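These notes open a run of structures that come right after.
Look for chain A in each of the two complexes below; its partner is chain B in the first and chain C in the second.
Here is the complex of A and B:
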């Protein structure tokens, strides 16, 4: 083929030897600096917050603080019964929301088309629910669980209200987990004459577990941090709860009460905040660890 | 390949010459049909129409596939070959917008009858995909999982079947020391052979292969082709392929699909000699000779 194409000279053709530090390189550098600054700023806020709590709270931490009941409206004593109440509220919340969330996620991801009316309706409702302020959940929980179902101010009512709050997050994250499982697993399993249930159990559920853990970690975080919804439902009695029908004070309410209503409670508020953060870390680590273990037993990918 | 399984119906090799006759695939009554020089219909498709939503993909396809033979489906991309294949084991059920209208009979079973047990059908009609799709499990579990699903529970029986299936695809010697490592650690060709072993372990009567070699290198392709040829006479194989040389090498029959009037249609069907040497249709002629239709 003869090469008689006209030579087109473009402004992008740099003259030979002209490799300069151009304007666009400068823009790149600027952008890099800005992005790093923002990241540092965000990290700094977090570190400052954490350092403040550890600084003021570490001195409070002791075995007595973790086990003793609080005295003198929380100024003295410890957080023993409060820890128990928190644990119970969380347990009720998870015992209800985990199976319900998993089942709903399976329904949404595996048995309804993405664009079906039902699927869209449920998904939209969940997204709206996830954004509802917690105080609204508190009022709803109070009206429905405490008054209408006659549970009164109780750990049960508090846990159930928290479950309502956690469910949207849990469902959406787990659903994403299921959707991220490759379609090849479904087709492959179906082509081998495997039922949907067994494909779900052996292949898709393990693939969805990472999503479930993300939902769980976010959900537990939200549940442990909750104050507004619990004031109206589980109450703020700081005695050791005798049963699920007793009122119980959660750690976050304890912190709120100490710092807002009790003069001279700041020291113990810091201590409780540190306990809360440690608890969150421990529970999340345990949840991830357990999921990891289970996953390794089910799937062999390496 | 180390363990080329013996006991072919119409194999010119005597079974005794097989290096490992203990690992030979047992030929069940159903599978030991007549060799394919005596054509006996196994899959009968009548007036198949397949749509995705409102888009017609296949229009009025009627095709008879003979028992014990290897049939190649050839044709340009997007003319519905894969859709045709997945309509045979009703894998199209998994695609929400897909509608199939047809009378398909496989071994006298009416595939689209509402009374049919789809799971049993899919066990009878195995399928291999374009991209090897082992499960994220160990090599052993990959074969055991579907076997368990179909009721095989005894540990020894399972071990036996796993070994048999792997021997059949010539994978046993390569993996026998690492059955419990992940199937993902295998090479692409080995993964595809594992998928074939997994399908064969269920003793299907029909095996659908959707471009089984398109993701593999030439050597792995050769191994898979050899394997497919070893199936001749034992089960009915339908292979979609874009590789015309491959179709020439392994197939007994060929069916040419192409787009005509806005939907995929079966243009021509016959023995491979007919399709490749004396095609009747101008489109077929152009395609097999590598010209644009």
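Here is the complex of A and C:
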């Protein structure tokens, strides 16, 4: 560019390039402001939501609320049986998904070549499974577990439906755990003449525990939060379940039912929502703590 | 092969489990199709789009089976939410990486992770007791398309933000420091260097959010008003495909029930298309890198 004097002192006789420079500074400033505003907006909404639930829900929380059966369609009483049902659904879900998920993750991470057809097929079907809307899981669970396998509206059917749902999350995290195990473990075990089975059980599995725990937590979180898949599989009944074949209402369905179908149910819906959020928080915190401890133990045994 | 007998046993056991897991998707599709067959036979595909309205009866030859208003409702709500959440998600991720001081970035990321874990029914409840009355005080008819779009935006934002956040973390440091050494402004670096490098991650995040928005049921059902009609404005109450299933499944019989499975199948097809798109974008990215 034509510029006799390379040192610009006054902005008035600056060459065109310098003007562009200030314009880009302006864009830079604008972007900074917009990004900070966006972050503040998101934070504000988050605080608003959480404060609202805590503010209205904290008054409901008491030992009675957690243990008593619900009366008058949930307007009075507590959430005792509902917590039990939620726990049972979760237990069924994990009892099925944990072994299946672990086995699949081990196969994908340790015993399958990256380009094998079988591995690719399983992975792709897991990708699709992860995207299936929860209401479609509900339809499937209703048609397959409740009607076709004659389980009816039951905790068992609800838990099995949820197991299908959490498998992709569980498998992906566990697989990551196995991949993070150092390659020397495998080579060393092979050099010592260990069978791959015992190398897996004694070396790789302990090393992969953090990944497994992360997957477990994410899975539990998704299962606890689920509503749409459970309405037509585990059902609405809010009594104490007598067996796994009884219908049982999960905490999330309780919130939905109280807020939509029961006039004057909002107070207890707030209480239940707070209980649900607290449960999720506690599980999250406990799990990250556990993963940390196991991670350290892994380091010590090395 | 390995000389150990137990290894062969283990591998076959694992293969069995993996095959079972892989078969779940096939099983879901199979049962959706199986349950949809009566409706296809008695109603036919055409009538799902040409019938006068949605008044389903157990006998397919009598009721009206027009799914179009609900399909449009689902798509409009999804589109609105993605249009709002995508810039916010990109902004959030960029904020975490390039604008916020480290401790704010860490707290902000924790907060987004927490938001991602909040159950949809809690979002729906909050929308019902806070958002809907707020909209009603501004314009009559609280339960509306607008309430649904706003709530969906909040719900899919964490998904989009966290995926893009991970993509930005993968942008090589040398790109950014190189650009900074050339004297580019911060926004110039982000727009000219970071975004092109993280393009596929950004699209994947947005597609994931889209999938979540179209499949969301509870929150949308609780704030949208659930009137079956073509949404003719942002304040119009409307019903999505997912909400329709959840609302009517309890009492649906015969061809009506079957029609609900048809809408489930429709959702499934949409999701598979999204997954395929995401995969194609991922592949493109790999080719670019090699």
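The rule is simple: the second predicted complex is superposed on the first by the 236 of 302 C-alpha atoms of A that agree within 3 Å, B and C clash if a C-alpha of one lies under 4 Å from a C-alpha of the other, contacts with A are read in each partner's own complex, and residues count from 1 in each chain.
FYI, a contact is a pair of C-beta atoms (placed from the backbone, for glycine too) under 8 Å apart; a residue touches a chain by one contact, two chains touch by 3 or more.
Note that the structure is predicted; figures quoted are calculated from it, not measured.
Asks: Quick check for you: in the superposed arrangement, does A:52 touch first (chain B), second (chain C), both or neither?
Replies: In the superposition, A:52 contacts chain C only.
Asks: Which partner does A:22 reach: the first (chain B), the second (chain C), both, or neither?
Replies: In the superposition, A:22 contacts neither chain B nor chain C.
Asks: Quick one: is A:139 in contact with chain B, with chain C, with both, or with neither? Answer first, second, both or neither.
Replies: second
Asks: Looking at chain A, which partner touches more of its residues: chain C or chain B?
Replies: The partner that reaches more residues of chain A in the superposed model: C.
Asks: Should A:195 be classified as contacting the first partner (chain B), the second (chain C), both, or neither?
Replies: After superposing on A, A:195 lies in contact with both chain B and chain C.
Asks: For A:107, using the defined touch cut-off, is the partner it touches chain B, chain C, both, or neither? Pick first, second, both or neither.
Replies: Only chain C; A:107 stays clear of chain B.
Asks: Taking the superposition as given, does A:62 touch the first partner, chain B, the second, chain C, both, or neither?
Replies: neither
Asks: Once the structures are superposed on A, label A:289 by its partner contacts, choosing first (chain B), second (chain C), both or neither.
Replies: Neither partner.
Asks: Which chain A residues come up in both lists, the one for chain B and the one for chain C?
Replies: 195, 198.
Asks: What does chain B use to touch chain A in their complex?
Replies: Going through chain B, the ones touching chain A are 89, 91, 94, 96, 119-123, 126-127, 129, 131, 133, 135-138, 141, 145-146, 149-150, 180-185, 195, 198-199, 202.
Asks: Taking the touch rule as given, give the residues of chain C at its contact with chain A in the complex, in rising order.
Replies: Chain C residues touching chain A: 2, 4, 6-7, 9-11, 13-15, 17-28, 31-32, 34-35, 87-88, 91-92, 94-95, 99-100, 108, 111-112, 114-115, 117-126, 128-130, 154, 157, 185-188, 190, 208, 211, 214-218, 221-222, 242, 245-246, 249-250, 260-261, 264, 267-268, 271-272, 274-275, 279.
Asks: Which positions of chain A touch chain C when the two form their complex?
Replies: Answer in residue numbers: 24-25, 27-28, 30-32, 34-36, 38-39, 41-43, 45-46, 48-49, 52-53, 99-101, 103-104, 106-108, 111, 118, 121-122, 124-129, 131-140, 142-144, 148, 164, 167, 171, 195-198, 200, 221, 224-228, 231-232, 252-253, 255-256, 259-260, 266, 269-270, 273, 276-277, 280-281, 284.
Asks: Of all residues in chain A, which touch chain B in the complex?
Replies: Against chain B, the touching part of chain A is residues 113, 184-195, 198, 202-203, 206-207, 299-302.
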